[in-house]
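Look at the two complexes coming up: subunit A is in both, with subunit B in one and subunit C in the other.
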Partner chain A sequence: MTSPGLATACAAMLRRDLTLAWRRRGDIAMPVLYALIVTMLFPFALGPEDTLLQRIAGGVVLVTVLLAMLLALDAMFSSDIEDGSLEQLVLAPRPLALMLGMKILAHWITTALPLIVIAPLLAGMLHLPGAVMPVLLLALLLATPLLSLLGAVLVALTAGTRRSGMLLALMLLPLCVPAVIFAAGAVAAAQQGLPWLAPLAWLGAALALAVVLAPLACAAALRIALDA
Partner chain B sequence: MTSPHIAAPLLEVRALSFQRQDEPVFAPVDFQLHAGELALVEGDNGSGKTTLLRMLAGLLHVGEGALRWRGAPLQRDACTGDILFLGHQLGLKADLSARENLHIATGLNGQRAGVSAAAALADIGLAGYEDEPVRRLSAGQKKRAALARLLLLPATLWLLDEPYANLDRSGIARVNLLLETHTAAGGAALVTSHGAVAFHGGEPKHIRMHA
Partner chain C sequence: MASWIPLWLHKLGSPPTFYRFAGTLRPWMLALALLFGLIGLYGGLVLAPPDYQQGDAYRIIFIHVPSAWMSMFIYGVMGMAAFIALVWRIKLAEVVAMESAPIGAAFTFITLVTGSLWGKPMWGTWWTWDARLTSELVLLFLYLGVIGLYHAFEDRRQGARAAAFLAIIGIINVPIVHFSVNWWNTLHQGSTVNLFGPSSIVWAMLWPLLCMTLATKFYYAASLFRRVRTDLLALEGGKDWVRKIAESEA
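Then we have the complex of A and B:
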């Protein structure tokens, strides 16, 4: 009997979810298209006034990206619950929290990363100054995994209930607010030439906390969801 | 212990019952399962067969009663890899092929020495369908793809919920053969079925469930 190490199990999990996402490429494109359309509509609605667009660019891109992520959030565990994969995962002799962490990582790679890649394009369309772009990307790199992790806990908590989308959105809203405030605060500070590191440090601290605690909470919540 | 066997039983169930919203799902059951034994869990629809297996697998909490594993109170952490559960939901990803599904299972659970995924799939009767997405397989072929796990994963106790469902006659014979070789090699299995199933390898133990 050969027992593979934790690294093998993690790699198997990650590869599985990435392959699945790749087989359904259309689903990855959806949030990206949504973000593109929303950002494109802003100049039409507000008028092509440079100063106004510049002022709102950072906030619009952040909110659009976070909302686009919500579109794909409730699908995180649903297919695994339906086809019994989650049962097999719970019963496997591997730490469930770690395996779920891999699932969340795969989810972040497939939903948030494409959005971060097009974020400079979105910001460019709203005339965000090029010098602020790195701060925006840094803010997104810290805020999106935080949202994935917090979202995963809530998805796991609502896993047993039907039509959980509405409940999920309501529960996630207060949790996103601090992430949006700190991320937008950093971008706004950079735009005004003020120091922008402090809000990002707060985001980083929250992310570090979530990376450790969210998978544990997810594991506990999903065990409860299956135990019914 | 009044067991005729000298070794402690692999699994011992004492007065096990389960309550759902304070309603007992089944009357308390008692049984012992020794290495090399096969037990059939019998009962009508809704008599709690699946619930019993899910409890033994560790998916449901143990309501009342006690579970003992190799003579000691069952600790989930100590025996997770030793128990293999196959339920109604097969745990296959429809977008992946049977081979990819097996690779995930071995990546998570480990692999029996000397068995390859290709050999297991050929053995279970899926030769030629290894790389077909599971969604395109028939219900019986999906079941076979899930059963291939039995050949590949290192587990001592198999908990099989309706392993014969959707299978044709050769598939049923294949499952019986799997169970025979597994019990002959010192493994044990708990199988639910409502139909009468013919085993060639000795008389299986019967566990009767009452609602």
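Then we have the complex of A and C:
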């Protein structure tokens, strides 16, 4: 049972973050540009052979999207910490985990969704067969929220520190290994004409677990990092 | 009634008591580590017979396997101390967790290095993307993440709490990584020493291995005690008991 106040607060939180992101549209384009450039570098480095590019396309797109998201993660709470609104959120008489969940959702919409939209273009640049494209998109749709949720916990932990960019990468790497394995496994299986549902089901299970636990962990981490 | 046990444990949690306790125990731990290490190495490198398939090259097992066990054991200790530190906010538990991390990272590193030295003659390659090797590498990154996060904070206690939280996330993550990587690729042999059920290793090779295991455990205790003692002195710098120690040694 949710009181109308809670739903209103959630909607307000989401609207605020989306509005803020929309006012700085240039920032939304950055991860997309980054992903495009990284993908473009692979044919230069490996040679423009279709067969080779085709074989690595799925993995390259996944890793590129992961790196682009990692780049954008740092900014998840930084402006809110600077102007003190994050402390207000911690003090607010609403469940912090729920509010942070909304922030994570807003962050996913503004960073991961554009990346998913251009993923077919990235995969097309590397000649991924069209039949595999839906599997790649499905894998991205399941893996990117998982990365946003895990990343949010780690960003919250580093909220009290100044230098966090490289540290964040070091901390996120062990956590994202399973997501990459299953997402890439599904794409590779689809490319070889094998059943690809099982790895996606695992990703879905992990996502279901993360949706429940990660906002709670994020709230706890933020309380530690802000020493509240 | 043994009511003195909880009382003793409570007392042990206070920095000055633990400082003295660790100081008394440390030389014994170091001596036991040396003793078992020497016996284990002599047994493993001299007495144990060569392997029918791998010849003498297998003898690296006496370093490799105990280190691998320690890399996981220390992560467990770190995770438990981290949990205690976060739930009961015990300063000593924070210190134990944070000072375990570099030792654990060192054992993980030794495991990876000896493993690749062993892999070259046996598998013909220094490194392969096998499940166990990859899990161990991920474990190293987990340790490094904890150490990095701890040092990223200005305030040491706040850093310790944040890093303790990361250690707990890591504990949940380790089985998931292990499982997913297993599903992905495997080449490493299964375990030969089983706690429950028969081990597929002869006694002449097993007892030096167990000796080395004990040696690494005692070494960990000795090293941990020394690190914790130093850290406690630094953390409690302004307190009375530290001043007394400083005065008595000056």
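The definition used in the following text is that the second predicted complex is superposed on the first by the 223 of 228 C-alpha atoms of A that agree within 3 Å, B and C clash if a C-alpha of one lies under 4 Å from a C-alpha of the other, contacts with A are read in each partner's own complex, and residues count from 1 in each chain.
Here is the rule we go by: a contact is a pair of C-beta atoms (placed from the backbone, for glycine too) under 8 Å apart; a residue touches a chain by one contact, two chains touch by 3 or more.
It should be emphasised that the depicted structure is a prediction, and the values quoted were computed from it without experimental measurement.
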Q: Could you look at A:11 and tell me whether it touches subunit B, subunit C, both or neither (first, second, both, neither)?
A: first
Q: Return first, second, both or neither, reflecting whether A:158 touches subunit B, subunit C, both chains, or no partner chain.
A: second
Q.
Which partner chains sit in contact with A:19 here, subunit B, subunit C, both or neither? Use first/second/both/neither.
A. first
Q: Please work out whether A:171 is in contact with subunit B alone, subunit C alone, both, or neither, and reply first, second, both or neither.
A: second
Q | First, second, both or neither for A:35, with subunit B first and subunit C second | A | neither
Q: Using the touch definition from the top, say if A:227 reaches subunit B (first), subunit C (second), both or neither.
A: both
Q) First (subunit B), second (subunit C), both or neither: which does A:90 touch? A) first
Q: Mind working out whether A:181 is in touch with subunit B, subunit C, both or neither, as first, second, both or neither?
A: second
Q: Would you tell me the residues on subunit A in contact with subunit B in one complex that are also in contact with subunit C in the other?
A: 227
Q | List of subunit A residues in touch with subunit C within their complex | A | 153-154, 157-158, 160-164, 167, 170-171, 173-175, 177-178, 181-182, 185, 202, 206, 217, 220-221, 224-225, 227
Q.
So in the complex, the part of subunit B that touches subunit A is made up of which residues?
A. 57-61, 80-81, 83-85, 87-96, 100, 103-113, 133, 154
Q: Quick one: which bits of subunit C touch subunit A in the complex? Just the residue numbers, please.
A: 86, 134, 138-139, 141-142, 144-145, 148-149, 152-153, 155, 158, 161-162, 165-166, 169-170, 173, 176-177, 179-181, 183-184
(Q) Using the touch definition from the top, list the residues of subunit A that touch subunit B in their complex. (A) 1-4, 8-9, 11-13, 16, 19-20, 23-24, 79, 82-85, 87-94, 99, 226-227
